[in-house]
Each structure stands twice: as C-alpha cells, then as structure tokens.
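Here come two complexes built around subunit A, the first alongside subunit B, the second alongside subunit C.
And then the complex of A and B:
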C-alpha cells in the first residue's frame, strides 16, 4: 500500500518526494522514479484519487490546440500573417484561416490585419516542433479595436476566468467593461470610460498577485465594491 | 604540520543565504551567498534561438553566461566581460545544469541564464550553479531535481570542504575541486580538478563535498518555498 509523503495544497519544489508506492500515479508536473512519485516543478500539490499532480506556480506559456489567445500581428507575407501569441516562436495564420470574407487575388493582406493589430484567435494546430497555426474562424474571434491589453502570467489565467467564468463575469458586471481573456495571459479590456478600465485592470492585477490564495472571489468582490463607491 | 581552520570545522560550510525572485524583469532569478561569495542568476526566455543553425528542433537549448563584476575581487579591478575563464565556466555551468532540465516543450528556443558575481571569495562557479538552478526552478521549468555545488579539496595535506580564497591560494600545497551534484540521486554533473593529490585524499574530499551538498540542498529548498509561501497560501479548501 502506497502512502502520500506531502499534504494536499502544500508547496513543493523540483525533486521533492510526493508519494510512495505504485498505486499513486504521477500526473502533470510530477514523474515516477522507481516506486516514488517526484515533483518536477515549483507548484502546489493536488491529489485526485490516485493521481498526484503539481499545479505550477510559474512558467512560460506553451500553446495548445484550441486555446483562444490574443495575438499581435508581427508580419504580413504573401499568403499568411505572422502573429506573436506570447510564445518564443510566432504563430502562422494562413490566408484561408484569416477571414471568411472573399479575398481577391493579389489583394493587400495588411488591409485585413496590419502589423501591430491585436486579434483574438484560436490555436488550430501545434506540431511537435512547435509550429503554431491559428485561425480566425469561429464565434467571437475577431480583430480588436480600441480598449487596452494587459499582460499577466499565463498560468494564472484560470483564476482570472474563475469557475465557469465567474470571476471575469463579476469584473464585467461591476465595471461594465468588455473583457476578453486569452489563454496566453493577454487580456483585452474595453470600457465606456478610462476609470472603468482602470478599475478592471486593478482587479485583474489583484487576482494575479493573490492567484493562489483561497477565497479569492471574496477578496476581489470586496475590492470592486470598495473602489466602485470611491469613483 | 596539518592545516587547521579557526573559524569553522574542516567539514563545515561558510554561512549560506539564498533568495529567490530578486530580479523582477527576469522570468526567474535567485541570489546565492556562501561566505563572502555572492552570486546572482537571472533566467530569460525561452526565446527564439539565433543564429538559426544553432536551433535544436527536438528541445530547447540552455545557455549560461558567467561574469565577475569589476568590483567583485579584493581590490584589483576585475576586467568584466567574456574572457577565456568566464567562457569556460559558463560552459561547465551549462553542462552541470542540463542533465536535470527538461526543455522538450520548447523546441528551437534558447533559455538564457546570466550569472553575475557581486563579490568573490573563491567557490564562484559553485555559487553560480546553486543560484542558477534556483533561478531555473523559479522560472517554472521542469527539472528532475535542483543542482547543488560546492568546492572541496586538500589544503596543506588536509581534506576540507568549501574553500575560501585564503585556502585556495594556500602556499603549502592546495588542491581545489569544484563539484556539482544532483542531491537526490548523488549523480555528479561537474567535477574539475587540477593539482596533485592521492586517490585516498580525493575520496575523502569528495565525501566531504557530498555531505556539504545536502546542507546546501536544504537551504535552496527553503528559499524556493519561502518565495511562494510568504504567508500567501492558505491550506483550507476552495
């Protein structure tokens, strides 16, 4: 019979022993060596039945298929756009994935998306050597006009979204801003006036800072109520 | 006459201090101090590897840069920047850290580690490796374990661990052996030696280093946990 060597929700560092025995299985952020399950990342332990997992507390964004991301167009070529999605290598958006509009032969592609434009796109494919394809075809995918972009750490995105979008929904309701959260940690905020945008930005910064405390929803709610009154 | 230490035991390390997250602009960073030697390490990347022919399509590449600051010595200005010695130490640091680091998620990219020595009193490459491994963990890279390093050697015929400058430059026979180890498995990822010593002396010195490395490991782990704990995490459920 195996046994756990750490408590759930404790902080572990690479090399820490998590569990002993073959009946515990390593999931993300952990690996097995002989009969031990060992952490490979700085993170918080999560135990789900027999699965032992380490939820990272830091790390770079790695694109996955079907992620909705906010990207910045960095280059336009004959038949595709190159888009920075926050990974080391640029993603490619081909002509046919760029728009549903009809594009005439020899049309100027930068009329659709020019260098520096921000777009909401979906990662349609990622190869093993990290060639990233993105697409603009799908509900809600579009070029972003107006508003502002905030960059947060990508691994904290789930906390910003909250369960079934509860956290971001709360900020939207309180500030009246439109908010789009990309899986790559870029967040687009657009409000009727700068004060609303500022409040939403501050709330998001608060979530990022306190991402791993429990009862975060209450903290953010309190923050929003207090500062909304102040305006 | 056998060499004796006045300030600590022959198997004792100098006082250590480690801090993680000291450079906000970097993806990960750490400070490691042992005695009067102070090393800072900052991790940047993964970013696209240039020149392109150096890209590895299977995994990311680790690149380490070691540098002693101009004022870091004991009076004489150290000429900073790349030179034969710093190039070599950068390379051995890279080789010491690569076995634990998993960069398969980041093909064609490079992860840069910059190690700066603020103050030096021997054992700089070891302090640099300790700081760099903390910084890589802080940056969130997947690692099999941390890497710890310490020097050991023979001073005046006596095996010692963690030599300071006066011991390294001891007139009557001194041998300095920097060792980096993966503490969990005991695998050695760096061992350099020049000088003359017997097989028995070498064995004794390496065993001293192995014990010292376990102490360093504890300091490193505590420092990493301290950054993230910091009273911020509560253990109650959601």
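And then the complex of A and C:
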C-alpha cells in the first residue's frame, strides 16, 4: 500500500520525496524513480485522488495549444505578423489567421496590425521545436485599443481569473473596468477614468502577491470595498 | 509594457499609471552606505522604488596630467548590466551607459565640490585618481537621479587607504575622508505632453518627449545640465523644469 510522505499544500523543493509505492502517480512537476514519487520543482503539493503534482511558485510562460494570450506585434513581413507573447520565441500569425476580413493581394499588412500594437490571440499550434502559431479568428480575439497592459507571473493567472472567472468578475464589477486576462500573464485593463484602472491594477497586484494563500477572494473583496469607499 | 499612448493620454488627464502625483518620487528612497566595504574604498546602494543602483569608489596613484600638474582626477564609468533589465546586452558600453556616466561626472565635477588640488600628492609627479563605478542592479527607470545619488553617497563614504613606502595598502583604510566640501545632487524632470514629472518609471521614460537633468550645489545653484529626448524645450519650459528639479533635489539631499 502506498503512502504519502508530504501533506497537501506543503512547499517542496526539487528532490523531495512526495509519495511511496505504486498507488500514487506523478503528475506535473513530479516524476517517479523506482517506487518513489519525487518533486522536480519548487512549489506547492496538490493531491488529486491518486495524482500527486507540484504547482510551481514562479516560472516563465510556456505556450500551450488553445491558450488565449495578449501579444505585442514586433514585426510585419510579406505574409506574416510576428508577435511577442512573452516566450523565448516570437509567435507567428500568418495572413490567413490574422483577420476574418478579406485581405487584397499586395495590401499593406501593417494597416491591420502595426508594430507595437497589442492583440488578443489564441495559440493555434505549438510544434515539437516550440515554434508557436497564433490565430485571431474567433470570438473576443481582437486588436486592443487604449487601456493599459499589466504583466504578472504567468503561473498566477489561474488565481487572477478565479473559479469560473469569479475573481476577475469581482474586479470588473467593483471598478467598472474592462479586463482581459491572457494566459501569458499579460492583463489588459481599460476603464472610464484613471482611478478605476489604478484600483483594478492594485487589486491584481494584490492577487499576485498573495496568490498562495487560501481565502484570497475575501481579501480582495475587502480591499476593493475599502478602497472604493476611499475614492 | 504599458503603451506609450496610454501614458500620454493619462498625462493629459493629470494622472500617472501608478497613481503618483507628477512631483512624487517612488517610495522608498533609500541610501545605504558601505555595501562593499571589503573591496572598495567607498560604496553606496541607492533604492528608488524598484530601481536599485550600486556605486563604488576606488583610489589609485597616477601621474597628473601635464595641463593640471597640481590636481588629481576623477573618472566615472557606468555599465548597464544585462541582469538589470531585458533591454541591455553585455558588451562595450552603449550610448545610454556613456551618457549616464558623463552626466553623473559633470554633476560632481562642475559643482567644484571635490577639491582636486587636495588629491594631488606631489606636483607634476603623483596624484590620486578617484574612480567611481556605477552599476544599475535593477533598471526600472530614473537611472540618472539614482546613479548621481549613489555616486555622491559612495564618495561621501570613501576613505583614503594607508600609504606605506609610496605603495597603497588597500586593506588598511585611514580615517581621512575625500576632500568633499558639500554634496551636489541632481534631479531629472521629464516632459510628457505639456506636463512635467519626476522619477519616471521605464515606461514613462519611453513615452516622454524630452528630459532635463539639472545638478545643484548645496546652496541650490545650478552647476550642470543635460537635455535629452527628441522634442525641443522653450525658454519658459526650461525655467519651470529647473524650478521643479531644485525643489525635488532638496528632498533627495535629505536622504543622504
């Protein structure tokens, strides 16, 4: 019979033994060596039935298929846009994936998206060698006009979104801002006035700072209510 | 990461993206002395919000220059470390590093705060060369002010090493400080649209139309200036910027 060697939600470092025996299976951030499950990352242990995984405390964004990301156009070529999505390589958006509009032969591609423009796009393919293709065909995918972009740690994006979008929904309601969260840790915030945008920014910074604690929703709710009154 | 247009639009609405006032420095503004007491004659670390700069002073014997046989010399260099920002690459100093070093150098040199004559050991034969090295540890905007403050703080912290048989014994510092009569402090004012602001973040620096770095003596006299950025400045704008810089430089001096 297998045995857990650590408690759930405890912090582990690479090399820590997590579980013993074949009843437990290593998931993300863990691996098996003989009959032991060992951590390969610094992070918090999560146990889901037989699965043992380690959620990292920090880390860079690694693109996955179908991620919605916020990118900045870095170059426009003959038939492609190159977009920085916060990964080591620039993502490529080909002409056919750029827009649902008809693009005439020889049209100036920078009239659609120019260098420096921010766009919301979906990762359509990640090749074995980690080349990334992105697409802007789909609901909600568009060029971002106005507003500010905040960069947070990509690992903490799930906490910003919350269960079924509860956290980001709460910030939207309290501040009246439009918010788009990209899986790459970039968040677009646009509101009616700078004070609202600042409040939303501070709330997101608070979530990033306290991402590891439980009962975060309450903390953020309290923060929003307190500061909303102050305005 | 924050778009340039956003910062410019905010400036029109009298706001900054992090909620500060135009004339407000990021907190904390901290000066720590002797951060590298073992290897440098003087050192200091300056923190301005997220920006961190370390400066070190080294002293060396040299031969006075033929045109100033009775004077010592100072040399200030800056290096943009690749670890301090994704924008910088390793290699020879770029145009930004050279400008930074020269602006800090001029601020100290032209204030006449350092008595060069006292740095001369023997006329025409021997002098002290004061070398100040500036290293941004985290470049998050406003390197000019942070570096100038770090350089002068390191100079204030520096002590002459012991000299034995014409050789410098670096391991044994004496109590003798640098011949520094006061502390020149500089402040940079950035212009975005028709607004003037101090202590910009990196995003604000990139969105600025022009900047003016002004160095002040203790009495508040202007001793050096450097203008940067693409757009020109009018007469009245320069005066307004110098006034604001004078006010803020006074506040920075209190941190020393």
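One rule holds in what follows: the second predicted complex is superposed on the first by the 231 of 231 C-alpha atoms of A that agree within 3 Å, B and C clash if a C-alpha of one lies under 4 Å from a C-alpha of the other, contacts with A are read in each partner's own complex, and residues count from 1 in each chain.
Throughout what follows, a contact is a pair of C-beta atoms (placed from the backbone, for glycine too) under 8 Å apart; a residue touches a chain by one contact, two chains touch by 3 or more.
Predicted model, so just to flag it, every value in this text is computed and none were measured.
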Query raised in the report: Between subunit B (first) and subunit C (second), which, if any, makes contact with A:150: first, second, both or neither?
Result: second
Query raised in the report: Which partner does A:15 reach: the first (subunit B), the second (subunit C), both, or neither?
Result: first
Query raised in the report: In the superposed arrangement, does A:34 touch subunit B (first), subunit C (second), both or neither?
Result: neither
Requested in this report: Examine A:198 and indicate which partner it touches, taking first as subunit B and second as subunit C; both and neither are also allowed.
Outcome: second
Requested in this report: May I ask you to name which of subunit B and subunit C touches more residues of subunit A?
Outcome: B
Query raised in the report: In the superposed arrangement, does A:59 touch subunit B (first), subunit C (second), both or neither?
Result: first
Query raised in the report: In the superposed arrangement, which partner chain does A:213 touch: subunit B (first), subunit C (second), both, or neither?
Result: first
Requested in this report: Determine, under the contact definition given at the top, whether A:164 touches first (subunit B), second (subunit C), both, or neither.
Outcome: neither
Query raised in the report: Given the complex with subunit B, which residues does subunit A contribute to the contact?
Result: 7, 9-11, 13-16, 29, 31, 38, 40-42, 44, 56-60, 62, 88-89, 128-130, 155, 210, 212-215
Query - Touching residues on subunit B, where the partner in the complex is subunit A - result: 27-28, 45-48, 57-58, 100, 102, 105-109, 137-146, 183-184, 220-221, 224-225, 228-229, 232-238
Report summary line: In their shared complex, subunit A is touched by residues of subunit C numbered 1-6, 9-10, 13, 15, 17-19
Report summary line: Given the complex, residues on subunit A that touch subunit C span 116, 118, 146-151, 186, 193-195, 197-198, 201-202
